[in-house]
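Residue numbering begins at 1 within each chain, and the chains themselves are lettered A, B, C, D, E, F, G and H in the order written.
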Amino acid sequence: MIELYVLLGLMIAGAIIAIEVKNLLSAVVAVGIVGLGLSIIFLLLKAPDVALTQIVVEIAAVILLIRATLHRDIALKPCGSRPFGGFLAILFLGLAVLAGALTFSGGLNPFGSPLMTVSEFYPMNAVAGTGAVNVVSSVILDYRAYDTLGEATVLFTAVVGVLTVMRSKGKKKEEDLQGNNE
Amino acid sequence: MSKEHEHGMSVIVKTVTRLTVGLIFLYGMYIVLHGHITPGGGFAGGVIIALSFINLDLAFGGKVSGKVFSKGGTSLVEALGAVMFLALALMGLQYGGFFDNFLHPDGEPGDLVSAGIIPLENIAISLKVGAGLFGIFLTLIVLQKFESEKKQ
Amino acid sequence: MMKLARWIAGTVVLLGLIALIIVLPFRSMFFQQNQEHIGFAGRVVYILILSSLMVLYRVLKGPTAADRIVAIDIFGILIVGLCAVLSIASGRSWYIDIGIAWGLQSFIGTLALSKYLEGRSFDD
Amino acid sequence: MKSRILMFVFAFAVWCILTWVPDVQQLIAGGAVALIVSVVMGSMFVNRPHMLFNPIRVFYFLFWYVPVFIWELIRANFDVAYRVIHPGMPIKPGIVRLRTELKSDTGLTFLANSITLTPGTLTVDINRDDGVLYIHWINVVGTDPETTFREIGSRFEPMLKKIFEEDVVE
Amino acid sequence: MTYLIDALKNPNGYLATTPLSLLCAVFAAMFFVFTVVYSFRHMTGTKGLWRYYIYLVATFVATLGILFSTTFLVLLVLWGFLGLMLYLLINFGSREGTPESARKSLAIIGGTDVLLLLGIVLIWSIRYGGTGLAGFLKLPFGGMAIDLDTTGSVIAYLCLASAAFAKAGAMPFHTWLPDTARDAPVPVAAYLPASLDKLLGIYFLAKVTLDVFVMTTAMNTILMALGSITIMAAVMMALVQHDMKRLLGYHAVSQVGYMVLGIGTGNPVGIAGALFHMFNNTIYKSSLFLAGGEVERRTGTSDLSRLGGLVKAMPLVFVAFLVASLSISGVPPFNGFASKWMLYQGVITGGGKLWVVWLVAAMLGSALTLASFMKLVHSVFLGQPSELSRKVIDNGEKTGFFTLLPLSVLSLLCIGLGVFAWKIPFGSYFSPEVSGEVFMPGIWQSGLATLILIAGLVTGYLIYRAGNLKNARVAAPFIGGETLADNPDMRVSGVDFYRTIRELGILRGIYRLAEKKLFDLYEVLQKIAAGFGLILSFMHNGILSRYFLWFIIGLAVLCIVLI
Amino acid sequence: MIDIIGMVFIGVGLSFDVLGCLGLVRLPDVYNRLQAATKCVTLGTCSILFGTFLVSGGFTETGFKALIAIVFLVLASPVAAHAVSRGAHRAGIKLWDRSVVDSYAEDKEGEA
Amino acid sequence: MNAYMPYILCLILFCIGIYAVLSKRNIIKIILGVVIAEYAVNLFLILVAYKTGGRAAIFSATENIPPQSMVDPLPHALVLTSIVIGLATTAFMIALAIRLYGKYGTFDITRMRELRG
Amino acid sequence: MISESIVPLFVAIPLAGAFLTALLKRVKGIPDTLGVMSSVFTFALSVFFILRMQAGRVFVLNVGNWGGFHEVLGRIVGIQMVVDGFTIFMLIIVNFVAFLVAVYSVNYMTRYTEKWQFHTLFLLMLAGMNGVLITGDMFNLFVFVEIASIASYALVAFGTEKRELEASFKYAVMGGVASLLILLGVIFLYSATGTLNMGDMRAILADSGQPALIYLVFGLLLTGFGLKAAMVPFHAWLPDAHPSAPAPISAMLSGVLIKALGVYAIARVFFTVFGFPHQVSIILLVLAAVSMGVGALVALRQWDMKRLLAYSSISQVGYIMLGLGIGTELGVLGALFHLFNHSMFKSLLFLDSGAVEYSTGTRDMKEMGGLARKMPVTSGSTLAGAMSLAGIPPFAGFWSKLIIIIAAVQAHHMKLAAWAALMSIVTIAYVLKVTRYAFLGEVRAAFANIREVPAFMRISLVVLALVCILGGLLLVPQVREGFLDPAVRVLIGTGGM
């Protein structure tokens, strides 16, 4: 239990650093730490598939995020907060925790004892039903393969979206249109 | 600065990348092919494959990595992967339903060739994801060039 | 003389901390109790987490971005060890797969970060 | 082409290790995978494939370089540990030049790596044209070329030269 | 459940006639024919003329539908459709302000349509609440007798009345009318705002007041007050207008006041008078518009200061215009007097404690109407010809048959209905419609009076002939020692006849406010809405953080409310 | 017996990891931290991996993978350290103010 | 309460992400905020799935693992999808950020307010 | 049986179209052809289903044949696709508008570079919306919401101009966080019920009583889907995003996306799964009232034609939500009917604004004027759409507003009815602003030479205008029984899942 708390604390600390640090590169690195800590938690909570995916995605995201910070000189410029932001944030945080605390005590299962209604089915029948030893794999690619189709499509959409956004010229100029007509 | 630094990182990085990039690529494929036996699967493996290309790009610069895998190639492979996945789903229609695991009886659980269409789906996803992520990476880079040209 | 005393005191405190972690009967809920190496591995996890806290300190404090990059690099390597330990603790070989993947990815990430630090674009 | 073949062999070997307890399916898959790897990535695996076919070099590498390297590595760790734990932190850092006669990529790389992992030194940059390595030295003894070579380069350069460069038969 | 399509299969379920509606329909048909005839000449050269005629026909059909409808739903649909048609027809005008006027009129009429809808729904919920959608679809128009004793019913009545007011052009929903009269093509102005909309609005108001609700004294008083205010205010505005069509438009508003006043009296004479006035009004107002339209077509302007002395160019038009003017002013032998007389009687009997006020307002309004028409007639037809008029006179174009036909028929109607007022309309049509006995103290014997008047006129003519007036000196008019022919600027136009009343104490302030459009409900509401819009659009300041803050506050509030 | 040796390796590796991280915390500038951290953590982790190799029974699935990991780490981690230090230097991050000499900066200035 | 503590910590992480989006002016920080919030949600799913003493949901050839002892595999599958969706969103937002920098010459969100009113 | 097994084609056809477009982008004409053909096929498919749909019939497909265990376990282990009355109603709307938009964009998108990307993203968005509509699984709903959302983020930025990117970024950030909230809500639900299938969830919640947690779920889902539906105060992205997109996409976004992702999802989740609790009803009513007011009042001040229309969408969604929030049979009928009408006329108006922009190159109404003379088809169809939006009687919009107001009065929400009526007046005012400044008046000198838009664009405009005029016929009993009534019955619980 204690390692979970320590790691969660590490993630929270990392997140605060990521948000409050002035240097953008440092912020990105701090987010990287948060993501890697998340991955360790996944590993410890017996979710190896997710942990593996989280690592690779984390690195990919960090690389992309670094790309976004463009030039070093900008990264080192300070970037402020909007006024009242801190106050509001604390207020909101308090409210959220309060709401969470109130709610968790009435309905959410305690940590460590999930309500496995449908999920009991999967470990029992996965090998016989799908032939995959990895139950998670059998869930994502057989029982819920349709979700995975959606997931693949989301990524495809993002790729086309990035291509779209990165076009240097979106609309044709008048002269181009003339050229086309002729 | 000396001439050798014009493309890519220092010679040390280049050499080690030459030695290890194949390993990374292979490891990505390992993750993909063993997705139904061990953790991982198409997505994680695909990202690793994409990262191996990104590694190449980082170490050697765009020219070398462009020879290995061009931007046009990425979008082609990506669309191919997507079509393949969808085709697998639709082939199920003939056997009883959307996403029907029609190859399922083949293979013993735990072997490489088992679990029906799951490995095939993994391969399709990995093609898509690998090519897609690398495509995003390349796209983001190309504009950087464009911007810097504009500024000068 | 003072120096030596501080040296000894520091060492003792550090070793004591490690010993304490190894000796104290923390009950880890993340490992099966029927495993042979479990007690040991659990404590290993604590020590590695102690290390990662130090890494976090560097991320928190690190005056420059480079320090933070170093920290994240080191963090990645530490986790490879953690995965290896988990692998022997649970008897599953695929934990070390994750470790290898981690090492590979961490390497690439560090390369990207340091290339950025040099102030060059990625395809240059 | 030779590079690709080497890559194929290497990849196949790694695959076999990864999927230990080999069976037929894994081997076939491994062949296919290794083929793909060698086609896609193989062209740049090694620059001078013949070096790897020279048994003497391999022998030198495995039984001379590697033990020395491991020994230095362990020594380096204790050195660092000492410096870290010591409350006074006995360090005197600086960046110095190290002239080297190595020319090949692999040789330089191994030299740099070795230097990085051995006591008190870290390769910061490399200038291949002038044959200069810039070394961050945690405890600078002297900045003149002789001193630096004696203290840093002398352990590895000769043997790396032997393994990777000397009597190149081409 | 029965549905709309039943209406198409079985018209009896949805459409029926009453004598009043039949009379209205006859009038509507007449105006339709006149408008079409008039348009043959007037609208030549307009683009998309085929659409124009289609709209005219559609308008007519919709009018008939409203008049014959027995359910609120059909009425509502056609009512709104008529507003749309008005909008489309106004757009055939080619003035600069046409789009704005069209927008204004549809906004007001469409807006009150929504109120009508609300009122109908309220009626349904008061009376037939439990019947579901089917009940609403078959909600009968009339025969309900809802007491105005609950808030809901009062609101419902006000909603329905506001729709009627807007359509007819009574205050406070009148403001679209003058603008439309100015900017719409003349046949359209004569057809819709002056005729059909009046017919329908007052028909609807009467029907709602008599047949759907049971009136109370308070509501009657409100109606009468609104009517009086409308009479006075509109006529005061009309006095100072510089534009012929706009002036006519204000008169159209003013006359509606009489009808509202009459309906508000709540006694049979008043209501009958109101209905009678409605018909009369449509007649002479159409005539006025059509005549004015001929003037405009010939001269190309309706600005009073540029007109004058046109009697030489178009004498017949002048005659028709004069007849209609006298009629609208309530000069005895014409129909306007007949109906106004009835109204006065209704006010005296049914006006409650304040009957004097209403009566004074009505009579004063009548007088002021006469005054303003003196101005109008003078500055358009009489007086010295302006430069423009001279050109028209020199042009020598004859007034066409298609123009004269409607004008002459309408003029004859003006006279005829005035002379035979008591015989034709009442005996046949109003009595069955107006519940209760029509009791008239001091009835106007129109036939006799006409005879007396004709006698007087003949006497006057004889005196004229007998006198030596031919020998009167004819000379070029002088102003300030200069001949007018040399100094066109010095011409006396009728425009400024009543300028002085603008300078009078309180009236001055009121006029100034009116010029700022503070009495224009449309403008005021638009300003209020724009004010709210300004605040809200200021809040959309383009910063993501602000938007996100709303989002988060919304989430927090929702969570707090729910938990 | 071999398990015990493996455990010892793991223990030693852990100590080195902790020491490396301590170095990361204590040392004054980024280059020194790199020195400490890279060396100690690399060796520590390799040691843990070797321990794993031993404990898991030699050339088994796990053992082989551990060896691959060792090879990769030894190849990659000094390169990463090199890349970071080079990047840091180029980014203009100064050496510790008590540093003795900076030939690299001199040479760079000479070129520029 | 102890049994819910991980959830609450996770919620705090989520709030930190939201806070970044709410109050930071730099668009990269805003993206980081979204990323952190995403992590928190993923973590929450995994926390929900954990079973005390449970084992990873993979069968082994060498060892007999009872299915009852496995943790809930369904949320793991969901998290995989959710991670990918997060990556896709992040990548897209980064592309936008890069273009926005090119167009506006700044990362400050308060200066990107051409659309208002 | 055949009907069930072809349900996945609703998603598969557009997806295949998108993938193939990306694959064959080099071939000339392929993107256009695939874009139009895919939407034609999906539309034909939805027509096929509505012909097969009898009263109360529900098509259920278990993806991957994983429904066979239902008897054993009592729960669905896989993902279900469900096509009931409400679904088919939405499918018809979405695919019809998509089809017309695809036809329209054949000509329109020649103004932009890289047309294939447009068609790919468009088809992906369509697939996402269809996926949202036909799924019977909470998480799957989320996934498809994300597909459609990301595609729409990208499409908003399609012109890659300054403002478009800005709008897209705001939209992406807010939409991304909203998606996270939705996901969080889904997780809470999962942890409370142990299943993801909507039908099972409803059964479990009905059996076991609702835990306190459920209210948090309400809040999260309302916020998340409310943002997608652009209810005030979650609306702020919409007036930026919708005008920035190319006109066909604005039409899709305002016309169907906010409904498929927002209104449909809210209706489906709160009516089908939670049984429409009282608190949600009140919240919906309040939000609806605020939305109506804010949208209409701000729209009054706009001079950018598309921005005005965007604000008007906020207001009209308020009407739809009002009908849903009332929750009676009549209210739901009105809401759904208004949803249909709004899809039609708002798509039409956006397409018209696109046509104007295509010809004149501007969207600022101050610069326009007199376009009715130059572009008769465009102005005529705009008039039809505008009058329908304003609720002028013979047009379709009138009937739906009528029913909503009736429903509000029937449910004794007098104040809401009055408010709706008042805002309807404001609606008339801003709608007339469009026609007055853009189409009426004198032609500007700058636009002396403009022409009417090309043929494909005209086809779409005319068809939509016809629907706007004739839409009231949907209330005719024979049509209503086949189209609107099944949807209403699903929501108020006398049929469907």
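Please note the rule applied: a residue touches a chain if its C-beta (ideal position, glycine included) is under 8 Å from a C-beta of that chain, and two chains touch if they have at least 3 such contacts.
The shown structure was predicted, so the numbers you read here are calculated from the model rather than taken from an experiment.
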Those chains that touch chain F and also touch chain E are none
Measuring centre to centre with C-alpha atoms, which chain is farthest from chain D?
E
Between chain B and chain E, what is the separation of their C-alpha centroids in Å?
77
Distance in whole angstrom between the CA centres of chain C and chain G is 23
Starting from the mean Cα coordinates of chain A and chain H, work out the distance between those two points in Å.
28
Where in chain G do residues touch two or more of the other chains?
14, 18, 21-25, 30-31, 48, 52, 55-56, 58-61, 74, 78, 80-81, 84-85, 88-89, 91-92, 94-99, 110, 112-115, 117
If you look at chain F, which of its residues touch at least two other chains?
20, 22, 34, 38, 42, 44, 60-61, 65, 68, 72, 75-76, 79, 81-83, 86, 91
Check each residue of chain C and list the ones that touch at least two other chains.
14, 29, 52, 55, 64-65, 69, 71, 93-94, 97-98, 100-101, 104-108, 111-113, 115-119, 122
How about chain B: which of its residues touch chain G in the complex?
37-39, 41, 43, 109-110, 133, 136, 139-140, 143-144, 147, 150
Touch list for chain F against partner chain C, complex
7, 10, 13-15, 17-18, 20-22, 24-25, 30, 33-34, 37-38, 41-42, 44-45, 48-49, 51-52, 55-56, 60-62, 65-66, 68-69, 72-73, 76-77, 79-81, 83-84, 86-88, 90-91, 93
Chain F contact footprint on chain B (complex, rising order)
1-2, 9-10, 12-13, 16, 19-20, 23
Seen from chain B, its contact residues with chain D in the complex are 2-4, 10-12, 14-16, 18-19, 21-23, 25-27, 29-30, 33-34, 52, 56, 64, 68-69, 111-113
Going by the contact rule set out above, which residues of chain A touch chain H in the complex?
99-100, 102-109, 114-119, 121-122, 125, 142-147, 149-151, 153-154, 156-158, 160-165, 167-172, 177, 180
